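Each structure below is given as structure tokens.
What follows is chain A paired twice: with chain B in the first complex and chain C in the second.
The block that comes next holds the complex of A and B.
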């Protein structure tokens, strides 16, 4: 048997993490993703369906809106499972696409409440930082790429971007978080 | 310049890409007897108004929806935006 070793998006065997003052940036290698799109004449899936710009956490999954009649489903800790297959059973008649390997996810946590996350948002992305509260998610421009930004909680933010650009996203996140630490 | 996205609220115009006149949604029937003539007009002839103009914008760095944006080409004022699929439903009726 060949000796295969799974590699994280940043190329190391273990997910990377870095700390900048009160902010911690961590690569989330265990996040499973599947997109769900409604077909014109099919029924609604058996999933929570948040409205435009929203993110909902349910029992075993989380869902955010990505476009009209389209959602992305997150499975925390399920990257090694056949996640899209499991979701397809709950979304009969819908188009379900495996997305896990297309994206790299980064989780940013703050030890000092919402303010450092808000400062980071103001630097990084083209969203109105004071309106982008817990439960909001959107796709927007970020360093000449596009990413999904999810405000999981007041003190937690997630950035999901193209896996092939993981290094560039990591660079942008850590550079900005590092500069905020200097100015804080 | 901000575009008032009907679902997501005001978004920066840099997230969008521009296609052109909203009348491009009304594609002629390729099977019609005078299809060649109608496609000539569809492909080559455009109004070029100084003033109110309805145009197609794509939310490329966002939710990837097509919008019909009404813009004043003289002042660049954006007067409104709607989802192209809603505009099309309205237009087909």
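The block that comes next holds the complex of A and C.
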């Protein structure tokens, strides 16, 4: 283990969390990420390969589509590992790139089922909230930034954006969730 | 005036409000306009140009006259239409555009000068003396413009934005809209019904008996069903204000405009609605008939009089007259009479018209004048050459109805005149997926509106493959208008067409005389339709008057172009609430927190906040700090966060070939474990961006870009990959944020790094200049090391996962204490790169070439690359300006970037211009200011003294032309 103390994207040693009524927004500092792109003559990687707009959770990882022949692999709780190296072994001959600290991840959970997540989505990103159901993921604009939005479950949503803009993303998420709490 | 009977106000709830400081009482369900009328207030504003007294003219969003300032302090909002301002307890409103009181406006003197303020006066006056324009005319015009005033204080309210998607968007909640929404929502399709009013129903609320049952009863039943349909979203207080491409509509929901203070709620929300189909059921706006002095408070649209009586139970006067050219005016008279209002007369321009009630009807007559300084007292009626004066406190004018076709025309649709309807009708198809129903489509009776709304919804859903049945609709009135075309009453006195911008029939005649006859010219010359109401009550009338003058048909005259917004939209809500520090994304470097703890001063670099310099106790000027950082780095070791440079991971079997094509110089030949400086050209051959290209493995490169071009270059490379050369096996992905990258520069750089790497051999032999490697540091942390130098010193850039940026920075400073380790910011970085003669954004400004940079030979002739051929154009090759160093002859003289260079003694003009200074700084190494610049034949002029002219600051400085490398020109240090 390195003898350096990592910092979370929001600048604190520990991830931030905030609750707004039935919604909770939490910084997910332990999410490891690696991108995988198929090379011309590469074999099929030992990974689930979801289609456009899809997110699949497997045993130890989750994968979502980010472009033609390109995916992002998530490793929950594995940010401290050399995750890309591990994924490269499962994607021999593919282009694998470490992306763990390329993004700041925020997990949003609802205590009241899908409806608060749908209402939040409407205020966050231009996706068809009613159709953006569990197992879907997309890249979209968000407050002049580009983010990945993943519907992990009816009551769970994740937003992944530039790590350097974590503060801006946090502000936008918590402002919006806070306003929903007021109008709920 | 006291209240009438009935109405849809809640008399059990009284609301207090003030207007111009005086307290009044209204009821829940009132608008400010209806409440003021109920309190006997007819005078509500002053006109824009002549400051004529004005009262409420309409009962909806088309209102041209009753504009007020709402609220006070930072929440003060000018130009709010009293007709749509929902009354709330504590509402504070003031009249605007006046000096003095509303009843005694000193600016009313303008009315006396009206002969000088005619059409086109903007273009004819204020021409001389010229000097008066800036000091007098423009400030005076600006003060007069805009009607209401701003407080210039920050808006304390929150605004936000959102996105909605639906199968069908129904715009308007009147008879047609309700029928459409009901038809569609019953199928289970996703439907949005948006209406600008706070209550659904539209004109159903304004009529006495439009349906077989009381209209509020039918609406309540519909609303109950709506509430049970989860697939239907009803958006009250929501104005759909623009139709955009791809089925996207802009809408503003006034979330808390009807509350005294929004509390934690947003004030308004900007919605972007993506609809597969849409129905425009926006109703129609009544038009008036201009006659002499037709602008007095108390003169209003007949349909508005009826709405005030039926919905808000109020009449502006006890004795009312009606001037009509259709049957609708009689309807108003009947409704008012039924409420106990005395009808002075119905003046109908048509002949052979019989009275429909027990009041006087004057057929074949016209209203030819009015009296009453601050409110209508009497009207002049002329019939067959005989005139009489009738006493009345209000006059309703019924000149026909104009369909609200704005949104259907937002894609440059040109409405067509329909003789039968005596109105412009929108051409369907201009906004793909949008159909029109109800009065907006010329289907003005309630029965036809209901039927057309339902049918429009059925047809729209059918196009989406959804079958809808038509609902049972109530029996409804189906009266015809029997419109007689009367566009204005001829006369010598001023007859207003556009009330808000004070445009009269005379002005239109003048525009005609002055050949401003096309409608677009008419609009600009007279300012007709250019006010906040965008001429909703005036445009068609003006077109008809112009048609009459030119002898063309109304259709030939045509309309002006319709553009969003349909009604005014606040800039705050368009901004979506992102203001101040949240105006745009703010990106922080991985060492931001550490730098903050060290008291760094930050500077915005695009979206990034970078540490500019790190002041220490006792340093009183930023130059002291920067000089220290530079000298410490050159003497010991300096550390700077350079994460912001773009990093792009390039992998694949053809990665080398791909990079050979995007870089001017060769990259395929780069050895694994080495780095090469790279230059990219634009297609036109000019220099675009520079950076480094590191080959980490046979098929794996990492390239860096400048901070400014990080996104642009990545996008360009993706374009090349996807569109230009899809046959290449290459994959790209940005890794800018993933790695914290620190520059470690200075003679002690190696010693410092040796203290953190895990047994990695940093010797010159193993890891020479321009080497790169993957390694671990600090007990196993994966890292990348590049031996590259931007400062001219022995230097490295070390990259670790971004989460370790703060910790690594702290560790390097701690470990290097005895080596003189010093953090440095972008200022010192800039100074050192100028001292070394490295190009940056100032030199790569889009107008310079590789040859100018002294890198002409880097553009390889052994391979093709983007921009290579174009860089060999005659004009490019003939360019003689090259990058040189510049040093003042007198060391105390300044060197100012942007100064132009001239041969000593030459006349300083464009013909003799020989280049310019691109970058300048004070060099603590040299001991004077220095600069870089492009100079004609610069390479051959070393040692020559030239002149740098800075006419803006009246400076002229003697500079000596020197090598651009002020530090270590032989490159010994960086290879040490």
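Simple rule for what comes next: the second predicted complex is superposed on the first by the 180 of 184 C-alpha atoms of A that agree within 3 Å, B and C clash if a C-alpha of one lies under 4 Å from a C-alpha of the other, contacts with A are read in each partner's own complex, and residues count from 1 in each chain.
Going forward, a contact is a pair of C-beta atoms (placed from the backbone, for glycine too) under 8 Å apart; a residue touches a chain by one contact, two chains touch by 3 or more.
Fair warning: this is a prediction, and the values are worked out from it, not measured in the lab.
By the touch criterion defined above, A:46 reaches neither chain B nor chain C.
Contacts of A:126 after superposition on the shared chain: both chain B and chain C are touched. Comparing chain C and chain B on the residues of chain A they touch gives the larger count to C.
In the superposition on chain A, contact is made by A:98 with chain C only, not with chain B. In the superposed model, A:115 makes contact with neither chain B nor chain C. Using the contact criterion defined above for the overlaid structures, shared-chain residue A:60 touches neither chain B nor chain C, since it reaches no partner. 70, 126 are the residues of chain A that lie in the contact sets of both chain B and chain C, per the superposition on chain A. Contact residues on chain C toward chain A in their complex (touch as defined above): 158, 160-165, 190, 255, 263-266, 272, 274, 577-578, 582, 584-590, 592-593, 607-608, 643, 649, 651-653, 699-700, 729, 731, 733-740, 776-782, 800-808, 811.
Of all residues in chain A, those touching chain C in their complex are 1-9, 11, 29, 35, 37, 39-41, 70, 79, 82, 95, 97-103, 122-123, 125-131, 143-145, 162-168, 171-172, 175-176, 178-179, 182-183.
Interface residues of chain B facing chain A in the complex, by the touch rule stated above, are 7-9, 11-12, 14-15, 60-65, 83, 85. Residues 52-53, 65-68, 70, 126, 138-141, 146 of chain A are the ones touching chain B in the complex.
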